[in-house]
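What follows is a set of structures for review.
Both of the next two complexes hold chain A, though its partner changes from chain B to chain C.
Let's turn to the complex of A and B:
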């Protein structure tokens, strides 16, 4: 077909777009691979979501509701599940986000670096009081 | 001219007609009515979120019902029927056939929409447009939830019937002298989106039935309490509705392919490239559904596969943008109202796509997922791209439908206000998501950044509201009293309106 113009610019443009996407994909793959590697000394915290609060169970059997106390400088592994509908466990400041699915256990880890308080919230619609299914993460000084 | 004021027809003649422009008109009016209804719900959501605490909506359940019906209405009762309206008017003309292939089926497909809309609006369900199990199975109040399921079921059948009609009209009824490569890109967009519907929709149709029997307690497909798996629903749902995103956006791109060369007074840069991009999009759209599900606990391998599938859709979309810009390049552009909307649509389409690359990159998705970032992201598609393309095309087809001209000044003000409002609402919501605000919340803690950004978004939404009120006035007034349009060349482009797709069908 005689089009009266060169298609060269389009090919160059597509090439640049594809190259950019390859770079984004490769970087994302590499970072996710590193992020998902759970340290062996990570302490286990069992997280249970239900309408409309969070329950946390530490390795030593102590339970907390709506509050989670951890120590800075240590790694923690969350095993997340739900008792009723799907929730999503989220500590936005530490990019901890994973769905709490009834009948399944999802695992994610994090290692708080400094003492402080952070919001815990539900990120998946779970009904009437979804908006207030919130909690607080208290990070204490290392060794305290 | 269907609404030709010189020869008025009684309304029942249009309602019981099977002629493609009459059915198109019914689709058009229905879809616009639902657009205003869904938009009003959006304004009430934004008003509620202006401050933390209860504002105008007194309880969370009402709020949850409002955003559910808002989403369901605008996707299924505005965007899809609006595309069908444009397709009904122009596909038969573009392939030079006297009507749609199956006129009665066409009318039936339309008449399934009002009862479905009634079910959705009278029920007013609360389980989001995604109807998440097990919430939708064990917790969502009936009969609203069941009415929603039946409404969607009816809309699904209507979509399938409409798609069959478009495919047969384009492939089998096109003029024998017209090779498929000469079929205009707008008709190509309907061909590809209809093919996607046929492949994708049956999956959701099955999932809906399974959801209904789960709710009735006779099965437990998605209910973990009896051994089911809610994640299975997520797969079935997104297998249909990720491709469905392309079903929504492809006709809008097709509409831009009509507007841009016309007002640039230059042929399309490359029709072949447009066709290839449509075909690529329809195939690749099936390779990315689980990118909506990274946070459900997919394995690393699954996430990688779906990230690659998602990124693969970007070059095809980028080809369309290139094609638009290359068509405008060096053209004698006339910035009439339809062209303004199309150009705004391209800019927002590009922004939406760039944001989408961020979502698909695995580690970043855990920042943005289910936050207001996602709300901003997909609204840049449904509002910024699809509504902008659709409204632009509506201004473009206005003389054709009514024989009259819209008020150009009001049309341009409508564009400027809508564009400013859209940027204010949805760009802000991206940032709000990065600050961690979850979507679908009735109330939020008084974090200063959250309050500020919610207020910017609400002001933007009100600006859009004002622009849409002007739009409604313009459409109603101009359809009845507007200046008679010069049907040969309504925009003084120096070329014949709708050339080269002359109307071949006899006056109804």
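Let's turn to the complex of A and C:
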């Protein structure tokens, strides 16, 4: 009350802003925690990016280049790395996006829900043919 | 006192979040990452646009209400004293 008027509106304004920021931070932290929890029974797929294609290796040793075949209703854990420069592994339709970094293994998971075909693409500019560093995800029916 | 009330209000709001335990999902039952991520995005956008509206609305109102030509505008004590 130094200036002869109430500071209450300012404090309410600050309180609301601080409360909203706390809510935003906590909510984002909580969802990130839930989303990053990899299911115990997720099947491992090793993903390797290199100029300018993707290689996939399944748990049984089967390898695929530029194509990835999975089954709906199952969870898959991707271990992503790169052989040369930094790439970024992206399956847009399933909100999978993670950098492929040489000398490092990054992990993300997803569980396709229905059969279909989806684009796989590189999302980090990685050289001349980056635009065509694409692949296709084939999701087959559960048990097919 | 005011600070204490605000601190408690902030804490209560933050703690009221439905922080769910990470569920030990049954085989074949998985979290829908797509929904969670997009829903978070839409909630954050709602907050962002609401704050943007309130802040820009406050600025517009301040400019409109405290313009010199407003019917209720008052001269400051410095202007009245001829100091400025």
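The working rule: the second predicted complex is superposed on the first by the 133 of 144 C-alpha atoms of A that agree within 3 Å, B and C clash if a C-alpha of one lies under 4 Å from a C-alpha of the other, contacts with A are read in each partner's own complex, and residues count from 1 in each chain.
Here, a contact is a pair of C-beta atoms (placed from the backbone, for glycine too) under 8 Å apart; a residue touches a chain by one contact, two chains touch by 3 or more.
Here the structure is a predicted model, which means the values were calculated and not measured.
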{"item": "Which superposed partner A:72 touches (first chain B, second chain C, both, neither)", "value": "neither"}
{"item": "First (chain B), second (chain C), both or neither touched by A:28", "value": "both"}
{"item": "Partner chain(s) touched by A:14 [first = chain B, second = chain C, both, neither]", "value": "both"}
{"item": "Touched partner set for A:102, first chain B, second chain C, both or neither", "value": "first"}
{"item": "Partner chain in contact with A:110 - chain B first, chain C second, else both or neither", "value": "second"}
{"item": "Which superposed partner A:94 touches (first chain B, second chain C, both, neither)", "value": "second"}
{"item": "More chain A residues in contact [chain B versus chain C]", "value": "B"}
{"item": "On chain A, the residue positions that both chain B and chain C contact, one per complex", "value": "14, 17-18, 24, 27-28, 31, 33, 35, 95"}
{"item": "Footprint of chain A on chain B - complex, ascending", "value": "60-61, 64, 127-128, 132-135, 138-140, 224-225, 229-231, 269-270, 272-273, 295-297, 300, 303-304, 307-308, 311, 314-315, 318-319, 322-323, 326, 357, 360-364, 366-367, 369-371, 435-436, 438-445"}
{"item": "Touching residues on chain C, where the partner in the complex is chain A", "value": "2-3, 6, 9-10, 13-14, 17, 19-20, 22, 24-25, 27-28, 30-34, 36-40, 43-44, 47, 51"}
{"item": "For the chain A and chain C complex, residues of the former touching the latter", "value": "8, 11, 14-15, 17-20, 22-24, 26-28, 30-31, 33-35, 37, 39-41, 73-75, 94-96, 109-111, 113"}
{"item": "Footprint of chain B on chain A - complex, ascending", "value": "1, 3, 5, 7, 9-10, 13-14, 17-18, 21, 24-25, 27-29, 31-33, 35-36, 51, 84-86, 88, 90, 92-93, 95, 97-99, 101-104, 106, 119, 121-132, 134"}
